[in-house]
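Shared between the two complexes below is chain A, which pairs with chain B and chain C, respectively.
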Partner chain A sequence: MTTQAALPAKAEVRASRRVPGARRNTELILLILAWLVGAYAYANVGLGTEGRLPENLALVIGLVGVLFIGAHVCVRIWAPIADPLLLPVAALLNFLGLSMIHRIDVAEKLRALRNEGPLPSGDMPAQLIWTTLALVLFAGVLVTVRDHRRLQRYTYTAMVAGVVLLLLPMLPVIGSTVNGATLWVQLGPLSFQPSELAKILLTIFFAGYLVVKRDSLALVRRKFLGLGIPRARDLGPILVAWLIALGILAVQKDLGTALMFFGLFVSMLYLATQRKTWLIIGSVMFLFAAVLGYLAFGHVRLRVQVWLDTWSYANDQGYQIAQSLFGLANGGIMGTGLGQGYPQFVPFAKTDFIAAALGEELGLVGFMAILLLYGVIIERALRTAIICRDPFGKLLAAGLGTVLALQVFVVIGGVTRLIPLTGLTTPWLSYGGSALVANWIMLALLLRISDRARRTNLEQSPQVVIKP
Partner chain B sequence: MSALALTLLRLGLLALLWFFVLLVASALRRDLIAPPETPLAAGLPGADRARSTSRQRRTRANARVLVVRQGSLAGTKLPLGTSPVTIGRSPDCTLSITDDYASGQHARLRPSEGRWIVEDLGSTNGTWIDRTRITGPTVLEVGAPLRIGQTVLELRK
Partner chain C sequence: MNRAIRRLGGLLAVLLAALLVNVTCQQVLFAGETKDRPGNQRTVLEEYDRERGPILVGVDPVARSIPTDDEYKYLRVYSQGQMFAPVTGFYSLLYGSTGIERTENPILNGDSDLFFVDRIQQLLSGRSPQGGGVTLTLNASAQRAAFEGLSGKVGSVLALEPGTGAILAMASSPSYDPNQLANHDLKKIQEYYEKLQADPKKPMLNRPLVSNPPPGSSFKLVTAAAALESGRYNPNSVIPGPARYRLPGTSRDIPNWNGQACGPGGKVTLAQALAISCNTAFAWLGNQLGQDALRGQAEKFGFGTSMTVPMRAATSRFPSDLDAAQTAMSAIGQFDVSATTLQMALVGSGIGNGGIVMNPYLVKEVRGPDMRVVQTASPSQFGRALSAENASAEMSMMVGVVNSGTGSNARIPGIQVGGKTGTAETGDGRPATAWFVAVAPADSPRVAVAVAIEDAGGGEVSGNGLAAPIARAVIQAILGSR
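Right, the complex of A and B next:
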């Protein structure tokens, strides 16, 4: 199935030889390897749990292979000199996530068989459909957004759309509260988490807004302890961002999203103005909000208490984090092997705690590899920001990298009890359609900026000829 | 499945995963080792450039730095290598200047036989060497003032 799909790609290889330094072939090799690792993991799940290969093995790895090659061909056509590492790394994370979700599906099925209860349908097929949809949208973004600078025109549209999306779950009828967080929109059988898409729109807004305003925001009235103090009226934007984050915390009871948006705004403010003062002001405001949240909101207080004193709550509110820590300890350095651990003991092992499940079955060694893969994506995003010539693209690329970095830090920090637990999805790994779609769209935007940036730079060295 | 087979399977997956990470790392390395002679390439994907330079064996021009003497960017130094340099207001230019009297793509400097040639790219206010407006490709000597809008630049060794 996949060898057939690889054929059109071969023809493309010859066509794109004209652009030296594009390294599309590096991407293809890495992508095939990513597919192999994922397919191996998927087969391993079947062998480890039930002692035989999963019955839909050929279908699943074939479909994923076709999707990956399709994405690669799209990049070759529409972003021919984009960064070669982003796609394979994200693809591997996506496939590993699929395998792990399947592994927990199997565990749930076996448990149902033991208890003679009804068989659960499993979430892996749904995630596979979401992956397909996400990659179609990925290609769609590459086709429609031919120049990322166009997005700057929609700065304020993006803001309005982003804020509306953030507010949607609070509306009656369509909004729904799951596990205490008002984050979902329910439309008939479909539900999605609009904050995932809002993060892209708000990154576009922050980038567009800061490009215009950064000169005045970088102004310094006087110096204090070696730090420039910004003018009082320039504090407006950061104050608004802070209030919105606090509002999300209070109304939607979602710590993770609030933290991510405020962190993103402060980081981008720093990137745009190069003033460390903003980081300090941001941290002080964050600490103030944290104390305020602790005193005012019961759910925040509970999260902090569980974090500080997990074992007193190990049987009730801290059950999840305690089980996650048991799982990680059970995995140890080399892991239990796929299908050999008990990741299903952790509630929400497919979504918030997929990192714990992977940590248990792949061990510290596998966990570190996954963290490094995230590091690579973030590094590539920041590298794209460095080589990008136009300020909007620079800020957008850096902002998208920052969103990913914050998200990975908050969720993995929470799972490993480094920081209080907050519910955020693990990019590409977690079960969840909206998150997967949003992350692939972010990747398409990064590839677009990277393609533009590298094009400008290659064009200026005379030896390189670039086809129009 | 025997325990031994499962253990081998488990270690195989970890090995494969790390093989992928190492391949990614080796691909990254090509970006980190910047070729020494790339001019504006600090932080650019310079590896590609280095390969193409060695293929064509270009000779290095005499001047090594372009310095902004007057204008909003006064004091800025742009190290020169073997690639042409564009100057203008557009952020796409190699040297992007903030100068209301400069055009988007104002002028281009390119090395030729050990010297730097300056060309006007159809700018509104013209490109001047000292007091003369250039009309075609002109050799820019080291130390001669190149005027673009209200900005004055010069080559240095």
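Right, the complex of A and C next:
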């Protein structure tokens, strides 16, 4: 690993022009493509629902275009050698989410018109404002975090902040239970899901902590069936993580969130120590926690029962998942087309169930494309981890990719009845400011690590020389 | 660490693959099953999104879809809804569908495989999908005669074409208005539906197919057929017909309805016994023939078989494991014998069709979205109930019932009508059911009709008094409209 300080910004810009591996123009082209697809989807919503283009079409796609270009310029300036796929893919997901939220807004408006009720204001404009804010913070992270290794200094700060955030929904008054799971914090008119930000903070903490402790955690005294058995006293950290996961299960009553955080820790433990034993111990512990949760908490039990026997609960506790499956079945392979299905029948179609809404209107083809988009981001995150030279960056990038993968699995698996339903949001797609902000911050961190990692690699390859 | 990252990547790829596989299952493999699950509004809405095909009687649509400007693009409209409700059924947002609307749904909504080519054409030309039409076998004037005849009564009429099994009239009273269940105002639908449900006269009960009271004396047609088929009796055979018949093994007697012997010296011919509906003679005959012969004969007419027309009818029953007293009671259509109006029409139809019972059906033609006929019903035999000679002999006996017996109200000038009255006691204190089964014209029957009036007063006269005039009106409507 080379140790080097951040280069001056000006030199970086020049580097991006010169270095053949930077591929900023590729990113720009892909970003324009993402914008075109999103704009087409947005226009299509209007055509599909009301038979005309949305009134604010030019304004919305124009603003989104400006935001995308702005984000691209930020990357060009402050992370010029970063991976060119990350930004366009996230941008596309964000825009698709905006279009789908607008689509549900229209459905709600039409319903209100029919029932002669008050017109709902719609959530798309708010989501657009949140997108703007999220991209400003995205740029802010790129600007302030010039070297991801500096984050290692805040290992324990991140832990405290992360744990506090996780605990927030449990507090009386501000904590709020939506849909049986206590994942929200309500502050006056503002509500946010602190677990979204907590997942980044805890990834930073895990990375920083494990980098330091990995040698002792990797120590093996005995072997059993070819697997190294860790020392008893090294079980401490995983026990703490497990207890926290159990705590999440107990208080937030959400199996998916517990799985996401515990899975993240165990995965990173495995990466840091390269001992498969940890994966096995972790899996066993999680299963034990899940059984414990099932036995101890009625809400967890109900979720599992509804999952196993959805159709018997189709009119009450299983209404959402049943509606989601009706929607997916209605979509079929090609989908109903935007604006032509009934995604509004699924409760929480803009937040938890947006994947079902997209699956119905874009079909299996569209759903698979969206899953593969997540796959691309996850793959790029792991790729970044592989080429990254410093262990902290490696762990952080891989951890961020893993937490994203786990979240996508837990949420979409829940919505499509692969696993019991949870209350998390779908990254970049779901309506919700805190989630959007957190995911864009996560993307900025990935870009930062990627930029740093690729820069180091490029410098070491003989044919390229970067002159400051 | 890179090897571990790659391995972890592999694990995460497995998670992603699991999602992809699961989504494929939900959107493709399980989709058909999911769509058909109860509570799926989408399927209903999607159906309301396209023009559902009409249900036709002749060339007139009795049910059709007209475009609207609300959430559901088409409204189902029933002309003369009450009259045709037992056949069309309803098509409701809240309560699903019944009748032809339900059984012929794939044709009416256009999903039937018969329309494969049409669907491809619609897809290619970008036209919205459209359903096909169903032409019924009903005769509009017979249906009107049946419906108006039942006005104010609780009962049902079913008329068949003996040679084909085509259902010419199928009426139920009281009826309901399917328009009020098919409109788009959910609240009004619910109110109307609950009102119908609360009505003690059960307007939504499809009486001609589902209501199965004892057939009473009209069942003597079956007993007479069994007698003829046994080879031991002909219409002129003299059998005992005293004023009272002691039920074997009991101290109870069956009386005749007028309390008198059926003929001089308590003797009567089989034909005369049918004509005057002699209880004692048929009770005696029942025991001579035995329960197995009676049951066998009943089953040849369709008892014990669940018929679909294509709606499923209730199964008519001849009881089993009878003692001699029960056999005697069953021979005159009492005890646990039960028959739908459809079943008694089938009895008349089998006798009128030279002994062959045809399977009853309601759908004559299936039409494509362009109203071109794509399928025509082909009549099929249920089976032979009695020989042609015996059928002809029993037909003559039935004419005797109308011309010189209890069925005088079914007489039509210039036309020989065969018939049989019946009054069934349905239990203590419950009103009797008045029956009339008629076949006409006797020489080459074109219609067999059964009428059941469920709230009749009682006494043998009621079959003739209440039911026969309706049967006559239906026959006249059919013979008069060629």
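Note that the second predicted complex is superposed on the first by the 450 of 468 C-alpha atoms of A that agree within 3 Å, B and C clash if a C-alpha of one lies under 4 Å from a C-alpha of the other, contacts with A are read in each partner's own complex, and residues count from 1 in each chain.
To be clear about the criterion, a residue touches a chain if its C-beta (ideal position, glycine included) is under 8 Å from a C-beta of that chain, and two chains touch if they have at least 3 such contacts.
Remember, predicted model here, so these are calculated numbers, not experimental data.
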| item | value |
| --- | --- |
| First, second, both or neither for A:34, with chain B first and chain C second | first |
| Chain B versus chain C as contact partner of A:409, first or second or both or neither | second |
| Which superposed partner A:342 touches (first chain B, second chain C, both, neither) | second |
| Contacts of A:326 with chain B and chain C, given as first, second, both or neither | second |
| Partner chain(s) touched by A:379 [first = chain B, second = chain C, both, neither] | both |
| Contacts of A:418 with chain B and chain C, given as first, second, both or neither | second |
| Touched partner set for A:85, first chain B, second chain C, both or neither | first |
| Touched partner set for A:295, first chain B, second chain C, both or neither | neither |
| Chain B versus chain C as contact partner of A:119, first or second or both or neither | neither |
| Touching both chain B and chain C, residues of chain A | 363, 379, 386, 391 |
| Residues of chain B touching chain A in the complex | 1, 5-7, 9-14, 16-21, 23-24, 27-28, 31, 40-41, 43-45, 47-49, 51-53, 55-56, 83-86, 91-92, 94, 96, 110 |
| Chain A partner contacts - residues on chain C that touch it in the complex | 1-6, 8-9, 11-13, 15-16, 18-20, 22-24, 26-28, 30-32, 34-35, 37-43, 45-46, 70-71 |
| Contacting residues of chain A [partner chain B, same complex] | 20-21, 23, 26, 29-30, 33-34, 36-37, 40-41, 44, 47-48, 51, 84-85, 88-89, 92, 334-340, 362-363, 365-366, 369, 372-373, 376, 379, 383, 386-387, 389-391, 454, 456-458, 460-464 |
| Residues on chain A engaged by chain C in the complex (per definition of touch) | 114, 267, 270-272, 274, 311, 314-315, 322, 325-333, 341-342, 345, 359, 363-364, 367-368, 371, 374-375, 378-379, 382, 385-386, 391, 394-395, 398, 401-402, 405-406, 408-409, 412-413, 416-418 |
